Structure formats: structure tokens, C-alpha cells
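Order as written gives the chain letters A, B, C, D, E and F; numbering starts at 1 within each chain.
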Amino acid sequence: MKRLDLIFGERELTAMLESLEAVEVPGYTVMKHVTGRGPERVVSEDMEFTGLGANAHVIVFCEEIMLEKIKNKIEPLLNYYGGVAYVSEATPL
Amino acid sequence: MESGLILQNVLTPPVLFFFLGTIAVFVRSDLEIPAPLPKLFSLYLLLAIGFRGGLELQKSGWGYPVIPTVMCAILMSLIIPLICFGVLRIKFDVFNSAAIAAAYGSISAVTFITAESFLENQGIPFDGFMVAALALMESPAIIVGLLLVKLGAPIRKKPSNRMRWKEILHEALLNGSAYLLVGSLLIGFITAANNPSALEKMQPFTGKLFYGAECFFLLDMGIVAAQRLPRLKQAGTFLIFFAIVMPIFNALLGVLVAKALALEAGNALLFVVLCASASYLAVPAAMRMTVPEAKSSYYISTTLGLTFPFNIVIGIPLYMSLVNKMIPLTT
Amino acid sequence: MESGLILQNVLTPPVLFFFLGTIAVFVRSDLEIPAPLPKLFSLYLLLAIGFRGGLELQKSGWGYPVIPTVMCAILMSLIIPLICFGVLRIKFDVFNSAAIAAAYGSISAVTFITAESFLENQGIPFDGFMVAALALMESPAIIVGLLLVKLGAPIRKKPSNRMRWKEILHEALLNGSAYLLVGSLLIGFITAANNPSALEKMQPFTGKLFYGAECFFLLDMGIVAAQRLPRLKQAGTFLIFFAIVMPIFNALLGVLVAKALALEAGNALLFVVLCASASYLAVPAAMRMTVPEAKSSYYISTTLGLTFPFNIVIGIPLYMSLVNKMIPLTT
Amino acid sequence: MKRLDLIFGERELTAMLESLEAVEVPGYTVMKHVTGRGPERVVSEDMEFTGLGANAHVIVFCEEIMLEKIKNKIEPLLNYYGGVAYVSEATPL
Amino acid sequence: MESGLILQNVLTPPVLFFFLGTIAVFVRSDLEIPAPLPKLFSLYLLLAIGFRGGLELQKSGWGYPVIPTVMCAILMSLIIPLICFGVLRIKFDVFNSAAIAAAYGSISAVTFITAESFLENQGIPFDGFMVAALALMESPAIIVGLLLVKLGAPIRKKPSNRMRWKEILHEALLNGSAYLLVGSLLIGFITAANNPSALEKMQPFTGKLFYGAECFFLLDMGIVAAQRLPRLKQAGTFLIFFAIVMPIFNALLGVLVAKALALEAGNALLFVVLCASASYLAVPAAMRMTVPEAKSSYYISTTLGLTFPFNIVIGIPLYMSLVNKMIPLTT
Amino acid sequence: MKRLDLIFGERELTAMLESLEAVEVPGYTVMKHVTGRGPERVVSEDMEFTGLGANAHVIVFCEEIMLEKIKNKIEPLLNYYGGVAYVSEATPL
């Protein structure tokens, strides 16, 4: 099994989850109110109230073969709005 | 005379709490108002402003100055971004120029309520229908901003290069803060018409609590504004000048229109403040979604880090003395 | 006559803010009240309802209608889940039937306070001791629900198949919302007896602020309820019917009991609303812990997505006209 | 060293942490207010106020030999209430 | 007589809500006030205490008892940690002794306001300038604590073994709670001098709401305090005794000083409570940063788990009867 | 690429992020309000209001060669104030 970590703007969360559902991931976990810095911008907690939102961190545990499908679906979103996606190994306990 | 007004303005609790927040950042105190508490105050203020505006509107009716004032306000929120865009294009690309221009065309509700508190403090009357102007100036500037992008940069580099109009109108009209403000306005209006006893029961929440909650929120705004300042340096001298000079210019425009509308001093100040203030709620959120090519730190640092504090502290009394000069107080 | 009452009910701020929240979801506005702000309002309302109920109870004393009314209320919260269970078993397994039945036997505090606001708006008096009924109807239904699981499904598939009674009683009696409500009721009662000056000092918080906070919370409830609606479709037509028809049936039962108790119109309405409303606080939390076999989306979508809005908007005025027909207003 | 990621309902957090303490894990990290979707249910932020709670995400860094003990302890909880558990490699910095 | 006072104190809403929170933990109710809601109430209380203190100070002026009282208060916050340190060194190393000593030299704002509520309830007058003493007692104890570490343990094992004075003064003077309290005090003072109409507009927020918010916060403090209790056992009998006996000793010291200052009964009680209370806000935060060698569970369990509840429930009435014995009420 | 997980007291967050910026990490993600237990202390949510703060969880995706520099910078902080740092494999999606 693989673990996919997605970090991107909270305002794109709905679109991102819809993409994940579209490729029928077995499940996902969402952490909101995440902040950080990437090559493009600084996301800080104190700006949350403005509606700009913080980042969301989404974790997906899934089979390796699913990754390609996910990639195709979410790459446009990540390219347009920014965000990162990393894959690691994971085995069920 | 201005310096007297400025001092009087500075010595009110909202502005003092704003300073308390600003200084906290400069002296590196760990005072912090953690998320989502600022959101609570922000939602509360929008709800209360809207509700009170709605009931005042019901009281005042649609008599003379209301309709033309509101229409001129909308007009200003269409014209100001165009002027700003022209100025900004000297230094910035279409995306950044349009995004910043949209922010300056739109309004800041907290600047507006600080101006209301200033007027109350000075004993100058004003009308509730100005809140309608506030509510209706939030969205048009967003649409102008996006139109400017569309016209100015027909081929966008990013993949999804067609402008989705539905999405844009959606962001402009239905973003959380505009929606809550307009919705509460309508509820206040309907309640005042049908259910006066309910108004009384709302009063402790939307009325009495307001001033204190405003102070609390301005404490947070002071922190947030001061934290934006260092990033302003990256934005460069041009933008720093812009963030101070443009509001004054917009205020001058506003005064002329207010005079033409024959608004009384209190309403005139509010009208001017609407013109001079810039959005850090609805517009940045909309721009982030629809013009991701623009650097969000540009439009946020300027509106929140410089224009907002300037208006709160110096702008309001300055505009007041401008209004006083142009529009003689009728007694 | 009902339609007049419904309109009057719909035009009050709490219901209007509920609609504002609902519409926000339908038009896909990004208006959002982030966690834990809804929890703040929920805790505040429970504390304030309890405290005010306690002091009213102290004032009204234990005279005639109090004890029998409270006992009948408890009885209703035992009988209603049995009826519901019978109906639900037509379509659902023991686990789901018992969980949903428990929710409908229990109560919704926000429906109750909306009914109180409705009565105040109509100028119909009611007594504070009804809050005691509210507080005591939360727990019994949970126990009945779990009893039904025990009797109906003696061998449970899931590993830990013995019912831990201690845990169940614990969930029923000591879940956060029941605990806070009963505790605040006791504190209000004690304070009213020993310390009347403290009551006055609590009044701005528990009394004056209440209506506005109720509106704010109903804004959130509107959002939450509307978000539950799509999931309701999955639950199927049977459950959708159940979520509307069952409250009306329970309300009819309630009116009969209220008449038998010779309650006055105001108290009768509150009694009926307790019967007709369903829990989305204490019961779902308890069921999730003790009957994980039941699908939580079933009991939450129905109570929160349908029964709650129905009661808030149409139910309360409908039940009022029912009460008016059955129980002549004594003047 | 191994990294264990546990995601499950917040209401089971106390029981879960007691299980972890019982097998003497060297430490753990807890993130609350996590939402998500699994094969069994959707957990959304807006239901937190009802007392249903969101999910909790617990991370444990521990030796491989400890995993078996953890598994035995927490499997009944995960089976009864739902939730996922995944293991990855991790080395101290 | 004490037992009568204790009962009167226990039957006030703030103390009852404190108990409600404590009992919730003991009966394992899942009642919970999630972060950052306690922070909201904590910030609000500091802001309101400060603001009200500032305006009272403006009213009362700098006449006789003000300056000497405030100076004696500061003196107490320097002497008490020295005594505590001596006692604690019997059992603990320099780091832990200094950290705990600093906590007991500093103050607890919530204990202070509970004492104010107690006085109001008893109809005993007191002066607003005591808030200035409260505000100025927070920081000195921190500095004494760190000085004790420096003198007592010149070679620290941890890498960064030089004491950075700038950082320490920073923590002592600019930690969030001290900063907000002093800042709000100044704002209250300035506002009262320049802008009396603004005071009235702040009153619903900082004044009327206060008592209810205090109750809500004490509900949370009850939960937090009870959750600290099990960890207290690990701390050992010595520390448990210390957490009860030391406040009483400090209170005795305080009564003597209050008598010497010829304070009236109300002010005397507040002075004594400042001496007897221990910090769980500013000091633990500062110690965690600057003396990480000390076990934070020691200074937190004692101040929050034992000294705070003791003072709230038994201490305040006990000190009152002490004050009554020493200082005859002037009528 | 590597994934670095840092967990430590929230009050050290500013210092920690300054250290990361000093070695020019390509980005980082911050989750605050994290609780847990380590060998040294228990960090619980209910103490957040006191100013003691909770933990922060920082994730850095970076090249392996950067890890050594990070280690040198942050080790004193972790030793003085406590906290843990673990490294795993990660590949961009």
C-alpha cells in the first residue's frame, strides 16, 4: 500500500476531494487549519478569518495502481493553485 | 484642526486597542488571538452591522438621499478600480494590478464601523441606509477586477485559461462575508417591518455588545496588520506610496460626489470612508480563487498592513476635516 | 389559520437566520462557522436554558402541574421510542431501528427555545418548569433504545457483545449536554434560593444575550441541516416520510396528554414540542458509542436534516394551532 | 524504527491512548479535529458540536517489535468502532 | 463564622460552576470546552479586568492608599518567592524550587475576580486601584525566580547555559497575559480621562457581561483543575501540603501588611488574595521557556490543581474572616 | 526526497522555523494544537489557554543532503526544550 500526502489551499478542498472521490479512493483523512510556506507563498494562521483560509493536509492510503489515476485528476489543481503531493510506503498494521 | 481630530480619534477605545495589538507585535509580545476567534468576531460584526443597517433602512425608508447615494456608491466601486488599475499598471502586470485595484474598489467593514464610532463620539448624526451602500459595494469591484484580467490578459499561462463567469459571479456575490452582510441586512429589514418586539430582544446582542466586540476585534486587527508590515517592504516603495496616496485620492473623489449628492456631514464621511477603504475580506478570497497569478502578499500587505491602519488612525479624522471644509454642517 | 401562524413564525429572526444558513448551502456560498464556534454557542445555550429554568422553577415552586407534567414528560420519552421502534422495524434492522427510535424519544433543546421565542412573540405565557421536563427527557430514551438492542438482538456480531450497563447509564446520564443542562438547572435553582443579587448579575449573560446567540446558532444549524439533506436521499423514502410524519404523530400524542394534564396553552405547546422533537446532541453521541452497528448517517440525517427544520419552520405553528383547537386559551 | 499512523473516532481516543500506554509505547502524538471518509462513514467538521466528535490522528514512533503488541491491544477497538492503522519506516534524524 | 462565610461563598454561581466542572471530571462526563474557547474567555477577562481597573483608577486618583499599596504589592511579589524558595529547597532542586516559588509570588487573576464577586455579594466596598496592584504583581516574581536559578545553579547542564537577560525581561514584562492586562488598564485609564461617553458604550461588554463570562470560565477551570489532580499525587505529599499551607501563610503575611497600610476591609481582602494566589498563566509559560529543567507538572499541578481551588472555595472566605478579625470594618 | 517530521512545543515554533529558513528548506508545513506524550512530559489540550501551548508538528519535504544541515541547526533546540525528529522516504507524486 501507498500513503499519499497532499498539502494545498483549504479553499480548493472541495474540488480536491471531489477529484479523489471521482477516482474512487478507498478513503481519505483531512486536516484543516494547517499553515506553512512553499515556493510560492506563506500561509499563516492569522489570515484565516479573512476567508483566504489556511492549508489542508489530506492523507490517502491506497493501492499503488491508484496513484496514476489520482495524479491525472489532481495535477491541474496543484499546478493552478499550488500545493505539494508526496508518496511513501505504508503497510496496514 | 486635523491634528485635534486625529488626537480625539486616537484616544477612543477601538483605536487604542488597535494600537495595543500593533505594539504587541513590535515589542514581540506573545499576545495572540488564536483562530478561529477572529472569525467569530468577524462573523458577529458582519451580522450585527447588517441587522442594524436593515432596521435603520426600514425606519428611514427610501426617501431622497437613499437611492441616489446607494447608486453612486456602486458607481464608485466600479470607477475606483479602473483608476487604480491605470496607476498600478505603471509598475505591475495585469494580474497583480487587477487584483490590487479590485481590493481598493471594494470596502472594509471595520473601517466603516470605526468611522461610525468616530461620528458617534463627535456627536454627528448619520443614517443607517449607509450600511446598504456598504453591503452593495463589496461585489462590483470584484467583477471589475476580473473583467480587467480578462481584457488585459486574454491568454493566460495557467492551464485552465478560460474565465468561468459563473464561478466569478459566484465569488463576487456569494462569498461568505458579502452573503452574511446582505442576508443580515434583509433580516433586519424584514424584522423591523413585521416584528418590532423581536428588535428589542436582538438589541443586547447586535446593539449593546457591538462597541466592545469591535474593540476586541480591532485588537486582533492591530496584531494582524503589524504582522503584514515586514512583507510590505518586499512589495516595494511604489506600493507603499500607493497604499497611502490612493485612499486619499479616492477620498477626495468621494467628497466631491458626497457634495454633489448634498449628503449631510455624517453620511458624507461614511461615503468617503467607503471610497477610501480597501477590502481584506471578500476581495482577497475571491482573487486567490480566480486570479491565482497575482501575488496574494501584494494585495493583502497593502490593504491590511498599511491602508487599513492609515484609515483607522489618520484617515477618518482627515476625511472628516475635508468633509467639514466642503460640506457646512446644517443645524 | 395555520398558514398565518407559520408566516408569523417564519418572519422572526431565529427562523430567518436558520433560512439564511440553509440558503447559503443551496447557493453554495462559502459562509462557514468553523469549529469549535458552534460548540461555544451550543454550550452557552444549554447553560443559559438550564440556569433560567432553574430560577423559574425556584419561583414557580412545586405546585400542581409541575410534578405530574414532568413525570408525564419522562413517560413520553419512554413510550415514544417504543412506538417508533415498532414503525421502524418494518424497514430497518434492530440496531438502526433502536438508534433512530431513541433519537425521536429524546428532545432537541434548540427546537424548545425556538418554541419559547414563538410563544413570547405571540404573547402567550409559559412556565419555567418546562425546562425541567426538557432536562429530564434527554436520558430515558437513550436507555430504552439500548434496552431494545439488548432484547431485539441478543447475540451481537461485533466482538464485545455484552452490553456494559455501567457504560450505557453513564452515556445516558452523564453525556456532556445532559450534564450541563441539569447542572445549570440546579445552579439556577440554588442561586435563586440563596443569592437573588447574583441572579441580576447573571441576567445580561444568560438572559439578555440569549435571543441574539440563539439567532447566531440557528444560522449555523441552518448550514448543518442543509448539508445533511443530500445524505437523506441515501436513507430512502421510508425514512424521509418517517422524519415528517412521526413528529406530527408524537405531537398528537403530546396534545392529548397535555389536555389530560390541563396544561395552559403555552406549557401545552412546549410539552408537544418536546414530544415532537428529536435529539441530535446527546443521543447520536451515545448511540455512536454503544450501538456502532447502527449507521450514524441514518439517525443524524433524519433528526438534523429533516425533523429539526420541519419543527422549527412548520411544526411549531402547526402544533400551536392544534393546541389552540384542543385547549381553549384561559383568560 | 517504525512510524504508526492511527486514524479513528475522537470519542475512542481515551480508550486508544490507554491501550497504547498499556503496552508502554515510548510516546505518541495526537491530532484532533481531523475529518475524513472511510469505507464505513463520512466524518465532517460541522458535526463536531453535536458531541459525535471528529476523528483523531495518532502517530507513534516505536521499535518494530512493539508493533505486534500494539496490534493485539487495539485491533478490537478498530474492529468495533472503525478506523485505520498503517505502518511506515522512520529513522531518527 | 468561617463556615458560614464558606457556605455563602460556595453558593454563588461562579463557585457552583467551578464545582460543576470539577464533578464532571470525577464522574467522567464527557463535558468539554474545546480549545481555543477557554483562551477566548481568558483574553476577555483580562481585557475587561484591565479596562475596568483603569477607569476606576482614573476615578479614584492617586490619593493616599494607592501608591503605597501598589508598592507593597510589588514588594510582596518579591519577598514571597524568596520565602517559598527557602521552603521548597528542603525537597527540590534549585530549578524546580525557583519555578514553583515564582508561581506563588505571582498572582491569579481569576482568584482575584472571584474575591471581587465575593465582596460584591457581601456588600463590602473595594477600590478599583487594586487592579493596578494585580497587574504589577505578575512580572516581578518571574524575575526573582530566574535570579534564584542564576544564583543557585551557576553552571547549568543544558547547552545554552547563559541566562539571556533580555529574553527573561521580555518573558516577565511582555508575556501575553501581563501585556493585555496592563494595556487594557492603560486604555481604560485614558478613555476615562478623555472620553466618558465611550465608557458607557464599553459597559455592556466589559461590565454587564463579566459575571456570566466569569461563570463560564470557572466551569472550564473546574474541569482543568480536576484533571490536574491525579498528577499531583506524583508530585508527592510535600508539594500537596505546600500548595495548601503556603497560601495561608502568604495570606497571613498579607493581612499584616494590609493592616499596616490601614487598608479598608474590601481592599485588604483583595490584597491578601493577591498574596495568597499563585499564577497558572504568565509564570508557567515563562518558566517553560527559561527554566526547562524544572518539571512543568510540578508547578502546574500545584497552582492549578490545588491552590487555585482551595483559594476559590475555602481561601477567600477564610481570608475574609481573618481580615475581619484584624481590621475592624469602618462604617 | 525525504520527509522530516518534527514534533516539539509550540512556543519554540518561531525559533524552529527560523532555523529551517536559515538552512533554506524548500518549504514546510505546520500543524499546531497537537498534543501528545513523550519521555519528558504530557502535553494536553486543556492547558493551551495558559500560554504553555500545545505541540507543533512540522513536516519538511527536502533532498537528503539537506538533512545534515537541518540536524545541526535544530539539535540544540530539541535537546534543550525536548521534541522528536524522524525521517522517512517520500517521492513526489
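The rule is short, and it goes like this: a residue touches a chain if its C-beta (ideal position, glycine included) is under 8 Å from a C-beta of that chain, and two chains touch if they have at least 3 such contacts.
None of the values given here were measured: they were computed from a predicted structure.
J.: Which chains contact both chain B and chain F?
T.: A, E
J.: Farthest from chain C in C-alpha centre terms, which chain would that be?
T.: F
J.: Specify the chain most distant from chain D by Cα centroid.
T.: Using the mean of the C-alpha atoms as each chain's centre, the farthest one from chain D is B.
J.: So which has more C-beta pairs touching, A-B or B-C?
T.: Contact tally favours B-C.
J.: Taking shared residue numbers divided by all residue numbers at the interface, is the value for chain B and chain E over half (same) or under half (different)?
T.: different
J.: Roughly how many whole angstrom separate the Cα centroids of chain E and chain F?
T.: Centre-to-centre distance between chain E and chain F: 33 Å.
J.: Roughly how far is chain C from chain E, centre to centre by C-alpha average, rounded to an integer in Å?
T.: 41
J.: What's the distance between the Cα centroids of chain A and chain E, rounded to whole Å?
T.: 45
J.: On chain B, where are the residues touching two or more other chains?
T.: In chain B, the residues touching two or more other chains are 30, 34-36, 39-40, 175-176, 204, 208-209, 285.
J.: For chain F, jot down the residues that touch at least 2 other chains.
T.: Touching at least two other chains: 11, 31, 33, 45, 51, 88-89.
J.: Which part of chain A faces chain B closely enough to touch in the complex?
T.: Interface residues on the chain A side: 9, 11, 33, 41-42, 44-54, 76, 79-82.
J.: In their complex, what parts of chain D are in touch with chain A?
T.: 4-5, 7, 31, 33-39, 45, 55, 57, 67, 70-71, 84-89
J.: Flag every residue of chain B that touches chain C in the complex, lowest number first.
T.: Interface residues on chain B, with respect to chain C: 35-36, 39-40, 43-44, 47, 51, 170, 174-176, 179-180, 183-184, 187, 190-191, 194-195, 197-198, 201-202, 204-206, 208-209, 285.
J.: How about chain F: which of its residues touch chain A in the complex?
T.: The touching residues are 1, 3, 26-33, 59, 61, 88-93.
J.: Per the contact definition, I'd like the list of chain B residues that touch chain A in the complex.
T.: Per the stated touch rule, the residues are 34-36, 38-39, 41-42, 158-160, 175-177, 220, 223-224, 227, 231, 280-282, 284-285, 288-289, 292, 295-297, 300, 304.
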